[in-house]
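Read through the structures below before going on.
Here come two complexes built around subunit A, the first alongside subunit B, the second alongside subunit C.
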Partner chain A sequence: MTDTSSIMIKKRSYGGLTTGTVAPWVICTAILLVLPYVFQSNSALTIMNQMAITIVFALAYNMLLGQGGMLSFGHAVYMGMGGFMCMHVMNWVEYQNIPLPLPLLPVVGGLFGMGMATIIGSFSTRTAGTVFAMISLGIGELIAASSVIVVAFFGGEEGVSGDRTYGLPVFGYEFLTKIEVYYLTAGWLVLSALLMYLFSRTPVGRMANAVRDNPERAQFLGYSARWVRFYSFCASGFFAGVAGGLFAINFEILTEENLNLVTSGSILLITFLGGVGFFFGPIIGAIVFTLLQSVLSLQTELWQLYVGALFVLTVMYFPGGLAGVIMMHVAPYKLGKLNTLVMPYVKTLIPAAIGILGLASFCEIMFHFKHAAVGEHDMSLFGIEFSTHSPIPWVVIIGVTVLGFWLAKRNSAELRETWANANVMTVPKEGGAQ
Partner chain B sequence: MELVLVILIDGLVYGLLLFMLSSGLTLIFSMMGVLNFAHASFYMLGAYFAYQISRYMGFWPGLILAPIIVGLAGAAIERFGLRKVHQYGHVPELIFTFGLALLIEEIVQFFWGKNQVPYDAPDVLQFALFSIGTNEIQAYKVFMIAISVLIFLCLLYVLTKTRVGMIIQAALSYPRTVEALGHNVPFIFMGVFGVGTALAGLAGVIAGPQLGTFPGMAFLLGSIVFVTIVIGGLGSLWGALVASLLIGWMTTFAASYNVAMADILMAFGFEMPEDMSEHALRDLWTLTLPQIGPILPYLLMVVILVFRPYGLFGKRDA
Partner chain C sequence: MTAALELEGLRKSFGKTEIIRGVDLSIGKGERHAIIGPNGAGKSTLFNLITGRFPQTSGHVRLHGHDLAGKAPFEINRMGLSRSFQITNIFPRMTVFENVRCSLLWSMGYKYSFWNMVSKSRALNEGAEEILEQINLTSRRDLPAGVLSYAEQRALEIGITIAGGADVIMLDEPTAGMSNTETDYIVGLIEKVTEGKTLIMVEHDMGVVFGLCDRISVLVYGEIVATGEPEAVRADQAVQEAYLGAALEAEH
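Let's look at the complex of A and B:
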């Protein structure tokens, strides 16, 4: 694992631009351009905008957590402050006729976020670890609480709202429709993702990794761990502010909710779910989480329970997140053994999925049983109507769940064996396996 | 003067409640080096378990049983969850407890719903014990103070005077050596985690009737508990006590005394602006002490972390 990654790094630093490094960006940009033609409905556009903003924010957050090793519990502050500032600028543009085109507004948010990060980072980045986490928590709570007090800037309980369309038209676009906003957001997404990727390749970005892994050694090399952390922190604040600006453009309102601990916590959840070890991890996390949030929340009241369980299980069993799981398959792929894994996967994961669905149904039926209005006994799951007060659905669901998990457990031994084999280079028998 | 006395008692109740939470948290931190974000969730679990028990058996069995159940749950989580995550490092541990806090809140909502449950103080303690001026002091408040003080004395005795306490203290500083002497250090860790969460559970049992038993109660107190142990110095029991009382009194006083910023500014010779609605500093003029009361602990924590990162009584960097 370490061998392959160091070889990859060498290739990059010597080779400059190669197809391998450019292709993912071109493909992703193309996908972003085509997406609105595939999903044309208004709600899909809303979800995609939300997703793009979350991706920018999660990537900015991962500059701290994944690349700098700093766990922040108050990163919503920088996004929120950037957003609030953008909202005010948007209103000034409207009232004072300032010639600031709307597409440049996220820069304002970014700069303001970076300004905030410069002030707070000047004392909070002195150490990483628990002190940093606690200061970030304290600042987060402080700002969230003062948002109700400082009404002039934060607008109190109702927040600050504006209208994006009053600015100057840019090449004839007034950003009246969702689709125009989508392309604006997508453009900023690509730009900021690219910049953040390039930042991670600069000496500062590289040193951030070094400081994360071993601050003492980095200091012996002559680098100040504190300054390296500070630079990462400011850069992260900038992109969080950009995300805030995009939020302001998209939703045209910012409230206390954008600053509080819940938002800070969910971005941690998203980033960790996606995987902090890889650059594209937070992107996956943001996509999956936004989909879960928007699709699952329509289906069930219990979606937060499922997301919470997913999060805890991810931390326990896959600390690399979804990106880590994907990257685990690189070694079998390079050895040409990915195809051997398909059958064991099917055999284990389908029963496991059935078991999980069964368990979720059990939770749903129990929740309905406990909390539905008095006398309301009927509910429907997966399109089947039944009464929660008859024993049959309970027996069926428990049976299916147990069966699913039992099958998955029975087949998981085979999967484990195949997995072990798939990660070992096949050698002639007389040479010995190791 | 009467008001001051009443506030002192109220602040004492709140401060000692904070102490019951923060003492367990600070012990757990000094053992494992990890801040348990879910600590306040165990406090909430304590309240809900006690409520459930009190519906069948009354308040008093709940007072004994609920903390024990919470402690066992805590020990199980340490054994099967936290110990597994421990190998990945401190940051995943912190994130694990954070996820746990979210999950416990959802689980509580799953079983008991989103609304406040009717968990009340026992009838025996629902009378005014004495009154200061016109303010009646409920017997339940005195009961809360008594329980908290009792717990503190027990904890102090166990930690400083008994053999178990000696082993725990040794395991705090030199876990390897203690292990080499033949003590089961992982078991001690599990035990401390269990006792710490049981204390949080007990705090929940006695605070539930007073502060309300609802799914947001953990979130409401969770970050304040952190602030407490950070101010007091991570790992220091005395620091936790002092910081808890400090925060308890500070927030209670701030909530009760209506000091307005406008008066202070005018005392310094500033003139009050005529038209408040468009004035740039209008929020400064309308600021009052009860408004900023809830954020005072955070302000104090940030200041302390900046100037004295090891807290008031701490010996090492957080």
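Let's look at the complex of A and C:
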């Protein structure tokens, strides 16, 4: 091999340890460390903890959906079972004085989640596709139904609760305060995300991609598609269980809600919204969803309608999810044309945002008009008080909506054109560029 | 010396229809063997029986003397038999490099390991680069395999097929649907990468078959009507009637 070619080979990426791969981890860890100093209120900490738990769960879910091509409708089972087990262990620690420090509790959840996944995966991973999806749905329903039958484990309707602070103090920390729990959760978030990322770089993680793309071809390369799926499933079950353990530590109660199909459905929604094609997709999905859930739900009763609409629009127009939208901009960035997109974006997205807000206002005023108490005509939107029985707000809202969407549509042609140009390499007119 | 691949009284029925009607064939080590025949003769079915994609109705398939009955495709692959498909069968969403690297994993002993990083193994990555070099796809290495041209995808499929180091290589119509220049390219490639290995291929292009192979078997309606060296097969009366004549007729 000549010198030049060996240099060329050295330059190539094998997905190894480089600044490019380490930097995002360091930056994210730093952000996690600093966040509580920025958002200090208790409710902000609660939201951030909720976010961290959802991220771990969504990443675990994406090990199946994105990496392994397995669509599960019952993944809440593994998180929930891990969580329930952790609640019981927490209580045993209290009554029996077992020397198990609280920060290690998620390991218990993980192992229990993995145990469940081992049992169920042993028959459900035989095929991917519809059969797998249907089994996951059936098991999800079965376990959720068991929660009112097997009261000893699931605690019936009131669930199982406990107290995290009765365990051993760790280096003087008793996890009484929210901030201590935050750092515990954040630590587990970084650790599990890193482990899940590394898993995707191992031979079995790579083969999970191969089996997702073409199970038959993988078979003719010496791998049993079924075993590859099974290993992914168990690993996913482990991290879902870790998320369950973190949930138990944070909320100190688990109920049937943690197992049911609503939870399973929303993790699918979160993962898809974020984007299944990229490792960081579910992270974005979990952050956005938790924010919508906690912030938007304080503003309006109709928040689920908006989240549902967002989900449908994402599936229809951006199947790569939010991560896909972000990654679409890598090509223009590499071509140095990202700046050409700014103005068209402003010209299209601001009217579109106004249109969307107008449409949402229309939904709100309609909802208020139909469902408010009798005689209750006054409502406020964006700090403006008005009566729902006067025609003026209706006219204004409809007018603003139509105008916003009309402007957005008119300007979108320019955006489309700029976008097309931004993705094509042009020969620089003056020589000597680069 | 046992044959690399031996078929004995192999039969396959789908329902009442018998597609493979008793095939006996012995292919020696290092031989390049072509299976030709008119459409619907059962060539692909024969391939699928050998590689465990379908179970046979009766008869035996032996790889290096070991019976393959009841073995799953991945087990057969581990015994040293690798195949390509008539319809391109690659991993479309993974990069070209990943496609090749994945096909090296088992033969390099990684199995279902989740404690090794694929990026850490020099042998694995350099092996994959070497195969990319062989199939002339180094310039395409970071593209998703699904966006390659048809001929490139076929080349990649051959790369995946040979990567695991199997000593019996089966190619199902590797030049189907290709232009003349593409065909020449693929034939050169096949010659290069199967050196010293046993090659069994199904092929429609007579030019390819007569140029590349040591022996030819002619399959007609699930039976082998002739086996022998290209010249002998070409001269065979039965073959001319049963196949070459029919093929000529079909072309008109």
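The working rule: the second predicted complex is superposed on the first by the 412 of 434 C-alpha atoms of A that agree within 3 Å, B and C clash if a C-alpha of one lies under 4 Å from a C-alpha of the other, contacts with A are read in each partner's own complex, and residues count from 1 in each chain.
Here is the rule we use: contacts are C-beta pairs under 8 Å (C-beta built on N, C-alpha and C of every residue); 3 or more make two chains touch, one makes a residue touch a chain.
Remember, it's a predicted structure, so these values are computed and weren't measured experimentally.
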Subunit B versus subunit C as contact partner of A:201, first or second or both or neither: second
Contacts of A:228 with subunit B and subunit C, given as first, second, both or neither: second
Touching partner for A:169 - first (subunit B), second (subunit C), both, neither: neither
Partner chain(s) touched by A:20 [first = subunit B, second = subunit C, both, neither]: neither
Partner chain(s) touched by A:336 [first = subunit B, second = subunit C, both, neither]: neither
Which superposed partner A:399 touches (first subunit B, second subunit C, both, neither): neither
Partner chain(s) touched by A:220 [first = subunit B, second = subunit C, both, neither]: second
Contact residues common to both interfaces of subunit A (with subunit B and with subunit C): none
Partner subunit C, residues of subunit A touching it in the complex: 9, 12, 14-17, 198-199, 201-207, 209-210, 212-214, 216-225, 227-228, 231, 235
Interfacial residue positions of subunit C with respect to subunit A in the complex: 51, 72-74, 77-78, 82-83, 85, 89-94, 98, 101-103, 105-107, 110-120, 125-126, 129, 141, 160, 164
Residue ranges of subunit A touching subunit B (in the complex, touch as defined): 65, 69, 71, 123, 126-127, 129-131, 133-135, 137-139, 141-142, 145-146, 149-152, 261, 265, 268-269, 272, 302, 304-305, 308-309, 311-312, 315-316, 319, 363, 367, 370-371
Complex contacts: residues of subunit B adjacent to subunit A: 35, 81, 84-85, 88, 90-92, 94-96, 98-100, 102-103, 105-107, 109-111, 113, 219, 223, 226-227, 230, 234, 280-283, 287, 291-292, 294-295, 298-299, 301-302, 305-306, 309, 317-318
